[in-house]
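Should a chain be cited, it is by its letter among A, B, C and D, assigned in written order, with residues numbered from 1 in that chain.
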Amino acid sequence: MDSSNQSSCAPVVHDARLRVRYAETDQMKVVYHSNYIVWMEVGRVELLRSLGYSYEDMEKDGYGLPVVEVHCRYRQPALYDDVVLIRTSIAQLRSKLIRFSYQILRESSGELLAEGESTHMVKGPDGKVTALPDKYMEPLRKAKGC
Amino acid sequence: MDSSNQSSCAPVVHDARLRVRYAETDQMKVVYHSNYIVWMEVGRVELLRSLGYSYEDMEKDGYGLPVVEVHCRYRQPALYDDVVLIRTSIAQLRSKLIRFSYQILRESSGELLAEGESTHMVKGPDGKVTALPDKYMEPLRKAKGC
Amino acid sequence: MDSSNQSSCAPVVHDARLRVRYAETDQMKVVYHSNYIVWMEVGRVELLRSLGYSYEDMEKDGYGLPVVEVHCRYRQPALYDDVVLIRTSIAQLRSKLIRFSYQILRESSGELLAEGESTHMVKGPDGKVTALPDKYMEPLRKAKGC
Amino acid sequence: MDSSNQSSCAPVVHDARLRVRYAETDQMKVVYHSNYIVWMEVGRVELLRSLGYSYEDMEKDGYGLPVVEVHCRYRQPALYDDVVLIRTSIAQLRSKLIRFSYQILRESSGELLAEGESTHMVKGPDGKVTALPDKYMEPLRKAKGC
């Protein structure tokens, strides 16, 4: 479902892959725009998995990454049954804040369909903003590149 | 948003009202069928509210009504921007199980768009199937009619 | 469902109102963030209706307002069964482009839950970017204020 | 993403595979029940693809399979990040009506999470109920088994 490229010091750019569902289209015969925001979730979750852990692990450990900002620019419509790539990388990384960057592409043509960012704060077991533990932070730091 | 008719011993039939969102349409230019299942949720939640309590109260009290079965028969398509009525009543009531019955209508024409049922078990604070406390059950019993 | 204030030259700010559905929550026990993007659609559609026409009329006439950009900043989580206001106004207006601005508020407390913008191009009957006809543009111009 | 078993005269049972998205959970910390109905769509679309054509081809050809009835019985909750199998087969086949049958399973444990059916009429290029052309019907007939 996923592929990733990762060299010593180069940033990780991860491609998650999904197929557009009929449920995701609207009567303009394109994908309804809020679904891209859901796809970004798929992109960052699969990026984390490619780094060696799952968002679910992190949540069971008491940490979460609630979204504080989301931004999406739509270029070309995604269509029903398209296979779509969500190309995700880490745009910004601070101890208590992570910003992911996304490009959404039509696999068959390579066309850029949309691009965007999502910003997340780190929430700890007590529900407050906190620093992400090293075991989660270190792989992110490497993935961001140097 | 809602209206209800309620006489001494007649069953309560409650109409919740909502407007179809663009997000709910699909490229067949009708409402995608899974959204009717969400509308049933709106219907039963508003029926409970008309009986004097909210599902949220019940949940804060430790009780829940997870869905164990859902059934929907589609007659006519709901269309974008339609105002839709979700006519809800109680089809079956046992201490640990509730079945709601729904008719979904286009308000402007009165046409029947879909009809269905959802069956729920009662889950208690310990996560197990249990009997619904009297304060929640009694209004349901009256609403079912005699 | 809606209310609006509108004076001679003051910009129209329109409040649409909706109740959070269980379907819109996620396991963080708050509304999943992509739903705010759907609520923005509700906000702008009801703003148009308050100006005297519906988006559906516009579409039947061959015009559409596809989203080219969306942006949302999340302040406080919306919760299940909350009544939410989507306060919508027109931030920018050009013949072929409209930007709406939104504040999403919890009705009970008046708290700001999120704010954002959506930008739309005007698409004509031939599927190309075009100027919005006067009958749709004029009410928007007045609503933007002077 | 998919696998299928197909022998001479045995019915085709096709497994589509997907991972539960955070967006699909609700505050009961399980998958919200209407999402299973969307997953059924994934199941039948991938079953068709395994037979050599796509639902999209069929639609471009002027034919559609609107849902006339859906039924789902929930056994165990699907959870966030679960990999889920949608095991789909053809339960009934008439020239103008198709019924698919589904089992939804947790891949890791093999547990049955839900089972259900969806019934579809065949709609032709003129929007009326019609018989499905042979090129689409013949593979279905074989897939149903003898």
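Convention: a residue touches a chain if its C-beta (ideal position, glycine included) is under 8 Å from a C-beta of that chain, and two chains touch if they have at least 3 such contacts.
Computed from a prediction, not measured in an experiment: that's the story for all the values here.
Student: Looking only at C-beta pairs in contact, point me to the busier pair out of A-C and A-B.
Tutor: A-C
Student: At the place where copies chain A and chain D touch, is the share of residue numbers found on both sides over half (same) or under half (different)?
Tutor: same
Student: For chain D, which other chain has the most distant CA centre?
Tutor: C
Student: Where the CA atoms of chain A average out and where those of chain C average out, how many Å apart are those spots?
Tutor: Distance between chain centres, rounded to whole Å: 26 Å.
Student: Provide the C-alpha centroid distance between chain A and chain B, rounded to the nearest whole angstrom.
Tutor: That gives a centre separation of 35 Å.
Student: What parts of chain D, by residue number, touch at least two of the other chains?
Tutor: 22-23, 28, 30, 34, 38, 41, 80
Student: Quick check: in the complex, which residue numbers of chain D touch chain C?
Tutor: Interface residues on the chain D side: 22-23, 25-30, 32, 34, 80.
Student: Considering only the defined contacts, which chain C positions touch chain B in the complex?
Tutor: Residues of chain C touching chain B: 1, 19, 21-23, 38, 41-42, 45, 54-56, 59, 80-81.
Student: For chain B, which residues count as touching chain D in their complex?
Tutor: 28, 30, 33-35, 37-38, 41, 64, 66-74, 77
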